[in-house]
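Labels for the chains are A, B and C, by order of writing; each one numbers its residues from 1.
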Amino acid sequence: MKHFTSVKDVTNISALVEEVLFLKQQPYAFKHLGENKVLGLIFMNPSLRTRLSTQRASMNLGMNVIVMDINKEGWKLESREGAVMDGDAAEHVKDAVAVMGQYCDIIGIRSFPSLENREDDYAENVLNQFIRYAGVPIVSLESTTLHPLQSLADLVTIQEYKKTPKPKVVLTWAPHPKALPQAVPNSFAEWMCNAEVDLVITHPEGYELDEKYTWNATIEYDQKKAFEGAEFIYAKNWSSYKQYGKILSKDRNWTVSADKMKLTNEAYFMHCLPVRRNVVVDDEVIDSPQSIVIKQAANRLWAAQAVLKKILEHT
Amino acid sequence: MKHFTSVKDVTNISALVEEVLFLKQQPYAFKHLGENKVLGLIFMNPSLRTRLSTQRASMNLGMNVIVMDINKEGWKLESREGAVMDGDAAEHVKDAVAVMGQYCDIIGIRSFPSLENREDDYAENVLNQFIRYAGVPIVSLESTTLHPLQSLADLVTIQEYKKTPKPKVVLTWAPHPKALPQAVPNSFAEWMCNAEVDLVITHPEGYELDEKYTWNATIEYDQKKAFEGAEFIYAKNWSSYKQYGKILSKDRNWTVSADKMKLTNEAYFMHCLPVRRNVVVDDEVIDSPQSIVIKQAANRLWAAQAVLKKILEHT
Amino acid sequence: MKHFTSVKDVTNISALVEEVLFLKQQPYAFKHLGENKVLGLIFMNPSLRTRLSTQRASMNLGMNVIVMDINKEGWKLESREGAVMDGDAAEHVKDAVAVMGQYCDIIGIRSFPSLENREDDYAENVLNQFIRYAGVPIVSLESTTLHPLQSLADLVTIQEYKKTPKPKVVLTWAPHPKALPQAVPNSFAEWMCNAEVDLVITHPEGYELDEKYTWNATIEYDQKKAFEGAEFIYAKNWSSYKQYGKILSKDRNWTVSADKMKLTNEAYFMHCLPVRRNVVVDDEVIDSPQSIVIKQAANRLWAAQAVLKKILEHT
């Protein structure tokens, strides 16, 4: 693996899942791989799970880690080609990235969408400039449109808990006070459409995701109907893709409740976290034995470790 | 040792002091203990000594460290049970903590009191939620009411410098422009009351600490009388416990001066730092040969290392 | 080497350059040197290149690193002797520094000038207090007047690319929207005046640097004349030293353009980065094959590593 930015960078998904599960059993089996290697983690936005799990993953592989919060610790970066830089931005992203690539063997980058201009956000300018200018492998720590480390952990978790060979997995939209990116649901749909699951996506009308990620999914606007027979309920809020970045609904009837969970086939409850309790999901559900959100979060570590291992083996 | 949050977590105080002194002589004797272990340090408030000394301590033990400034780098955490999270807080502390526990083998946490509601502050909600939800050993890096790593370093310093078997140790309140927590004086009193010292606490009326920490101490409102015959003067400001969080006095007559030090038995001067020079203590005192504040700060490293070693041996 | 704050700390400049070039070939040859050693990096101002390159350098030498952003993570420091500290500053720099010296084996410090009071800035109070109070070797990560790690990397780069034994090197002032320190040009001039080069400095009148750094250079106010026959064009903005901290010109006629580069002896283009594209230098120049800015930045790593190695060998 050269870069890791989407499911498309993975040649064999089930082999990668097996790799994750192996590392979970043998965390330190490849500690020699990272010797004398440095991973740079660049955060343009806050991060807890991704930051901690990726740091731990690289430590397990014997790598050193340098963390940099670029907007806070560094400076504002220019990203337009040919810009006359007499404003706020002190450095062009292509210079900053080329320099980082001189000091790091692998770079992880997190950037968030503006949620204002869909075309700009979906062009993935920041991620693509890192790939173009760094000269070293790039790992997406969540980009403007996708969050593949999360989705790999999600798939592994489903693999661990599924009761049938091709389980029904439901991605349900849920209300939230703020406008959130589509990266997690886009990415979850993209991975599930390539996995052995029956994916159903349920949301209010107007919340349809980009079809290039949902091509293999069933869209069901009736949440209760969607829940019937599900083995996994994956809750997540996102802002509208069609009316880009807008909040079209805060309807609490979409909150995942214990009553709705009764419609499922004793489904496990999943969420990528952080989660707004009693808005996205009721305490009763997330605190129930069927909730596997912490185990899902724990798998972030092994997913990151498998990806870093694959990249280290390739370099 | 499972957790380290107060003197009550220590079964044998003098054995722990000996351990600290041993590590000071042999810093790298237990470097194998921390292999493949990760310490997460979570700061909800700024820290210099605790942060640097605990990082160094874990490096000496061969551990990796991940530092996270939670209010700055992460997000605002909800701590109320059952909250409908449609406000500012993006994550419940119990979810965040449970996740951190998946990636770290030991977690250190610093939180500060509000100094507004005594009952809330003294309930130690943040620390207790870490203990309850992390699933890994918790080290207090200063909590709302106690600072045990500081107190252990203080006790070790007194052990090193005492001239008599049971020295007179004076904790003196001193003025300060801001309202400060009671954590350091509470904790110092708690540890001294369990050690072989004669503890006298002196402060203006109204600055009485919680008696559960001062049960074995003499309270003396006359600062000069308190200083007579002292082997150690430990200066510290704190806000009122009775009129909770209030500043009742900024009286510079309480500043530790060279004249007052003459009343003592050539006492050593101690302070946990940071210190407001010429407000809490005159330059003449803190810069004198009797001042052991830097040696006291240096002992923070070995205190932290002994505590981490004990926890690593227990896990 | 005890401290590294200026070219004056270097006994044999060409031997140090050779050391840098050796480490570039054998990065891990001295990994044992840093065992059980901790480097503390204290930033009072943002940093990207210095921060990442120095972290990587110490990792290559087997050291542990602790990074601390002091104004952000810690607290405001007092630096005046004898101050009555009842204002904002929570700690005196001499106490903070003495404490840091207890936990770190080497300390790197970055501080920036106020650009308001020349006498104060050129007194290097922060750096000198670190040297005076830390009790461990100090490395300047850029001080108020000099940036020796940058200059060493610059000299190494010139050594690698020069076509003649004593190349003509031109330091050219260039416009910039903000008032910048003189640290980089001062330091570049100081090192070049001690190296086998023919240094010409060109800038508008009023931008003369402190003569103690430029004693061995030719000052040429006609930029085009200065460029003639140059092997290296080193562009940099700085604010006025004479009218201290002032911007006297933003004249784009001083921008380094492709036309001006034609006047040179096929000169290489250098800049310490970050650079304001199309203000300091046109895209056409910095993106040309003659631009060696990224290779120059890469040398920051080996320069830092050589300096740390020298200090480790001395301790």
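Definition applied: a contact is a pair of C-beta atoms (placed from the backbone, for glycine too) under 8 Å apart; a residue touches a chain by one contact, two chains touch by 3 or more.
The structure displayed is predicted, hence computed values, not measured ones.
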Request  = Please state the rotation angle, between 0 and 180 degrees and to the nearest 5, that superposes the Cα atoms of chain A on chain C.
outcome  = 120
Note = Given over half shared residue numbers means same and under half means different, the chain B/chain C interface is different
Query = Taking each chain's centre as the mean of its CA atoms, how far is chain B from chain C in angstrom?
reply = 39
Inquiry  = I need the residues of chain B touching at least two other chains; which ones are they?
reply    = 72
Key: Touching residues (chain side chain A, partner chain C) in the complex   = 36, 38, 40, 64, 66, 68, 72-75, 78, 82-87, 90-92, 95-96, 98-100, 102-104
Complex interface listing, chain A residues touching chain B = 27-28, 31, 43, 46-49, 51-53, 55-56, 59-60, 69, 72, 177, 273-279, 283, 293-294, 297-298, 301
